[in-house]
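In what follows, subunit A forms one complex with subunit B and a second complex with subunit C.
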Partner chain A sequence: MTENTLITFANVSRFYGEVLGINKVNLSVPPGITSLVGPNGSGKTTLMNLMSGLLRPTQGQISVLGVPPDHPEKLGRILGYCTQFDAFPKGLTGWQFLYSFLLLHGMSEAESRQRAAAALERVNMMDAAHRLVAAYSKGMRQRIKLAQAVAHDPQVLVLDEPLNGLDPMARAETIALFREWGDKGRHVIVSSHILHEVDRISDQVILLSHGYVVAEGQIQGVRSEVKEQPMQILVRCDRPADLAARLFQQNHVVEAKIHGDGRNLLLRTKDADSFYLLLNRIVLDSGLDVESVAPADDDVNSVYQYLIGGEGGTV
Partner chain B sequence: MSSVWLRQLGAVLRLEWKKTLLSKRGWWIYLLALGPVAITMLHWLIEVQHPVSSSRHSLGDDSAAYAAMFFFFYLRGAIFFGCIGIFNNLFRGEMLEKTLHYYYLTPMRRELLVAGKYLAGLGTALVLFVGSAAASFFLIGRHFGPAYSDYIWHGPGLSQLGWYCLTAALACAGYGAVFLMCGLRYGNPMIPAAVVFVWEGINPFLPSLLQKISVIHYLKGLIPVEVPIPPPLNVMVVDTDATPAWVAIFGLLAVTVLLLAYSALTAREGEISYGE
Partner chain C sequence: MAVYKKTYRPYEGRLTASWRRLLVIPQYAFEDLRRSRFLTVFYITTFIYPLICALIIYVQHNASALRLINAEGAQRLISINVPFYMGMLGWQSMLALFLAAFIGPGQISPDLANNALSLYLARPFSRVEYVLGKMLVLAILISLMTWIPGLLLFGLEGYLEGWDWMSANSRIASGLFFGSWVWIPVLCLLALALSAWVKWKPAAGGLIFGVIFVGQAFGAMVNHIQRTSWGYLFDINYLIGSIWVRLFEGENPTTSGAVFFRAPLGSEGGAPPLWCSWTLLAGLALVCLYMLRRKIRGAEVVR
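Right after this comes the complex of A and B.
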């Protein structure tokens, strides 16, 4: 992939006076949905503000599809940012809000009208378009912000806690929008503390703690790098006790528990690859009826706990 | 200027004009602008109802009174504070309301944003203060009837009005640029505004050279009628050679452009930090 298709951070640090925002971050974010995960104060918003040009790095270089963020006249065309700030210019309706800021992009009145309508349609806000934003509910304000971020059809969509305040229906629609954007080969950078949702939507994750990137990549890949924590694998079969006995003959299997309806065997192994080979052999030798085999701890939550532990803050 | 820039400038003007001219928060600025109009209207109504009092003062007295009102009220007070209210808030107000990032995320040159916001603020200030100064001028001698009409249309009145309007416009432009810069540059722009106020206030009492490092010195030189300074202040005023009008006009415009260029640079390098 060339630099023009990536968002890159090269040794980027940002300090607020003496307070650390992020430190020595090196990243190369490919297209798709990328989630930023970390507790409050871990540097997620700083990272987003840096890539959108709202903040300048204290040191290091940032490039968004080849554009440095200190060129707003170029960056604004390819990037849309839905910030966490729940504030809007006073006295504007939802329609006026979108339309006015599309005009600020330099679009013609006709194009601005058409794009504003399309963005409102996309977030299901047409009915409330001509009401003052100040009279919107929290969820509606979140959706109109999202509409504003996508209205100019950017290549890079940056979303800071975009699911906050949304009802389940709006949440599902918003996630569908992210997926659609990611499937088009665009960048969607999302921060969210709702880890099971992050799990469902992300192509890759960036785990942050205290201003440092502690891991990045596809979540399964990140999990397999955490060698010191044995992998958990759930096997559903007809004779779990039999299987456990056979598996315990191997050194790398450190724990096995039968639970649920008596057909589930939860295993912990230090070597997942050897485990899968062994399981195949056991099935062939003993005629074990295996219904399903699935990793039980390659989700964001588990990986985060392994890497960062149970330190405070909302993840 | 490209058509995209023009459209962007137009969009900023449209948004800002609505916020600055039609803002409820700016009620005190409207009061400042309308105050002298109300007073001169009252003066006219009283003089019309009690014509005998007209014999107590001449048209020349009203002309001198207007010059004093223009200098002490408009230049030193209404326009100065009005510009603080209008221009300080163009950027600072958006920082406080946490809405500036919407502008900063658009593909718009920050220089253009500064120009658009400044022009919107200037438009508002001109409508309010040049309009108010002109209205007061027409009202202050209206009770003299045809003599005042003759003074305006066939005497020096129209020329004087032109100079007053130009001076008020230059004051709006100059102070506007100063306070736009303060709003962008400083976390609390009221502190530099207070410093400017004190400096401009003590200006007539400063040595000649220092008087020239101010906006008010050049504005005063453009007022077409000599401003009467009441005692005992008149003995403390340091007389300075009058600056030629063209030097004052172009000097003020040049300072305005320099301040705007500095503001544009500040905005270009600026960050969004709402203090969170």
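Right after this comes the complex of A and C.
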């Protein structure tokens, strides 16, 4: 993948006076949906502001598809940004908000009109287009912010807490939009506190803590790298006690618990690959009837707990 | 690694000129101002003085009109000359100060309060363009009150008096234009800087008056106590007036500035040199720019 298709951070640090924002971040973000996960104050918004050109790094180099963020004329054309704050100029209707900001992009009036209408349609806000943004509900304001971020059809979408305040229906629709944009080969960078949704939508995650990148990549890959935490695997079979007894003969299996209706066996193993090979052999040897085998902790929530834990406040 | 359908195509149409993008900010600001009845009425009243001036010019050149109002001698009473135009500019510029105090504080502070700066600056729109766009709101409105009616009045007098009068008094036209453009940037920058730093609008408006009138009072006090003229350097109105006098009259001025913008001739101890006025106004503008630079940021810096 070339630099023109990646968002790259090379040894980037940002300090606010004495306070650390992010430190020595090295990243390469490919297209698709990338979620930024971390506790409050971990540096998610700083990272987003840096790639949007709203902050300058104290040191290091950033490139957004080959464009340095200190070139607003170029960057603004390829990037759409949705802040986590309720950010709106005073006294504008939803329509005026989108239309005027498209004019700021340098699009003609006709083009701006057409794109504003398309963006409003996209987020189901046509009916409320001519009402003042100040009179919108929280969910509507969130949707109109998303509409302004995508109205100019950017290649990179930076969305800070975009699911906050949305009702379940709007949340599902918004996630579907992220999926669609991601599938088109755009970069969708999302920060969210809602870990099970991050799990559902992300192609890759970036875990941050205290301004450092703790892990990055596809979540299964990240999980497999966390060697010090034994992998949890849930096996559903007809004789879980027998299976547990045979598995305990191996060193890498450190814990086994029978769960639920007596057919679920939750195992913790230090070597998942060896475990799967062993399970195959046991099934062949003993005629065990296995219904399902699934990893139980290769999701964002588990990885988050292992790498960051409860140290950083709310998630 | 996922395989993506490459259906994304960026916008490749023609772009408008960057100066046209600046006009987007005034466009919506004017709509917002129009909703305030007070500001609309105030702004309309600011045109009364130029209209009276136009009437005076017209009547002075219309003998039958003068006879009708039994004022055949009026031509000798009111001369259409430098003090006439400078007086109009002074009066209008003072009204511009009120206008800036009313609408200036509402330019930047709401964007800061609503976190809207990131919306502007995450686009092909720089901090400089943002400030210029906001300045345009005030500059357009003040221009319509100052140099534009001034030049129209000059054109009216020239039309009625003839080309000779126009060429002999061309300095009045340049004085109106450049004199206004000394006051407009200073006033706009002051209003915007205070708007960026003082969130409570009445306080920001009051501070604009404070900077002008407290400085004037302090300068007068210094002059009185120290028996000097250097106190004028604290008086922005004096600084502007002293520059206007030179712009309208050249090296040997015969007037002492305009109403509200006095630059007394033959001050005790000698008036401060003109370069002091230019330097201090430039310094004030730089301080305002620095204040704006500190506040106009895409993301609020948390310390």
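Throughout what follows, the second predicted complex is superposed on the first by the 314 of 315 C-alpha atoms of A that agree within 3 Å, B and C clash if a C-alpha of one lies under 4 Å from a C-alpha of the other, contacts with A are read in each partner's own complex, and residues count from 1 in each chain.
Here is the rule we go by: contacts are C-beta pairs under 8 Å (C-beta built on N, C-alpha and C of every residue); 3 or more make two chains touch, one makes a residue touch a chain.
Bear in mind the structure is a predicted one, so any value in this text is a computation, not a measurement.
Student: State whether subunit B and subunit C clash or fit side by side on subunit A once the two structures are superposed.
Tutor: clash
Student: Contact-wise, after the overlay, does A:Gln155 reach subunit B, subunit C, both or neither (first, second, both, neither)?
Tutor: second
Student: Scan A:Arg281 for contacts with subunit B and subunit C and give back first, second, both or neither.
Tutor: Once the two structures are laid over each other on A, A:Arg281 reaches no partner at all.
Student: Per the contact definition in the header, classify A:Gly17: touching subunit B only (first), subunit C only (second), both, or neither.
Tutor: After superposition on chain A, A:Gly17 lies in contact with subunit C alone.
Student: For A:Ser108, using the defined touch cut-off, is the partner it touches subunit B, subunit C, both, or neither? Pick first, second, both or neither.
Tutor: both
Student: Touch test for A:Arg186: subunit B only (first), subunit C only (second), both, or neither?
Tutor: second
Student: Examine A:His130 and indicate which partner it touches, taking first as subunit B and second as subunit C; both and neither are also allowed.
Tutor: A:His130 contacts neither subunit B nor subunit C.
Student: Of subunit B and subunit C, which one touches more of subunit A's residues?
Tutor: Comparing touch counts on subunit A for subunit B and subunit C gives C.
Student: Which holds for A:His259: it touches subunit B only (first), subunit C only (second), both, or neither?
Tutor: neither
Student: If you stack the two complexes on chain A, which partner ends up touching A:Asp203: first (subunit B), second (subunit C), both, or neither?
Tutor: Once the two structures are laid over each other on A, A:Asp203 reaches subunit C alone.
Student: So subunit A touches subunit B in one structure and subunit C in the other; where do those two contact lists coincide?
Tutor: Of subunit A, residues 16, 49, 52-55, 72-77, 79-81, 83, 85, 87-91, 100-101, 103-108, 148 contact subunit B in one complex and subunit C in the other.
Student: For the complex, give me every residue of subunit C touching subunit A.
Tutor: These residues of subunit C touch subunit A: 1-2, 4-11, 13-16, 18, 20-21, 24, 27-28, 31-32, 35, 106, 110-111, 114-116, 118-126, 297-299, 301-303.
Student: Show which residues of subunit A lie in contact with subunit B when the two form their complex.
Tutor: Contact set of subunit A toward subunit B: 16, 49, 52-56, 72-77, 79-81, 83, 85, 87-91, 100-101, 103-108, 148.
Student: Which of the residues in subunit B end up touching subunit A in this complex?
Tutor: Of all residues in subunit B, those touching subunit A are 4-5, 7-8, 10-12, 14-15, 18-19, 97-99, 101-110, 269, 271-274.
Student: Hey, which residues of subunit A end up touching subunit C in the complex?
Tutor: Interface residues on subunit A, with respect to subunit C: 16-17, 19, 30-32, 45, 49, 52-55, 72-81, 83, 85-92, 96, 100-101, 103-108, 111, 148, 152-155, 158, 182-186, 203.
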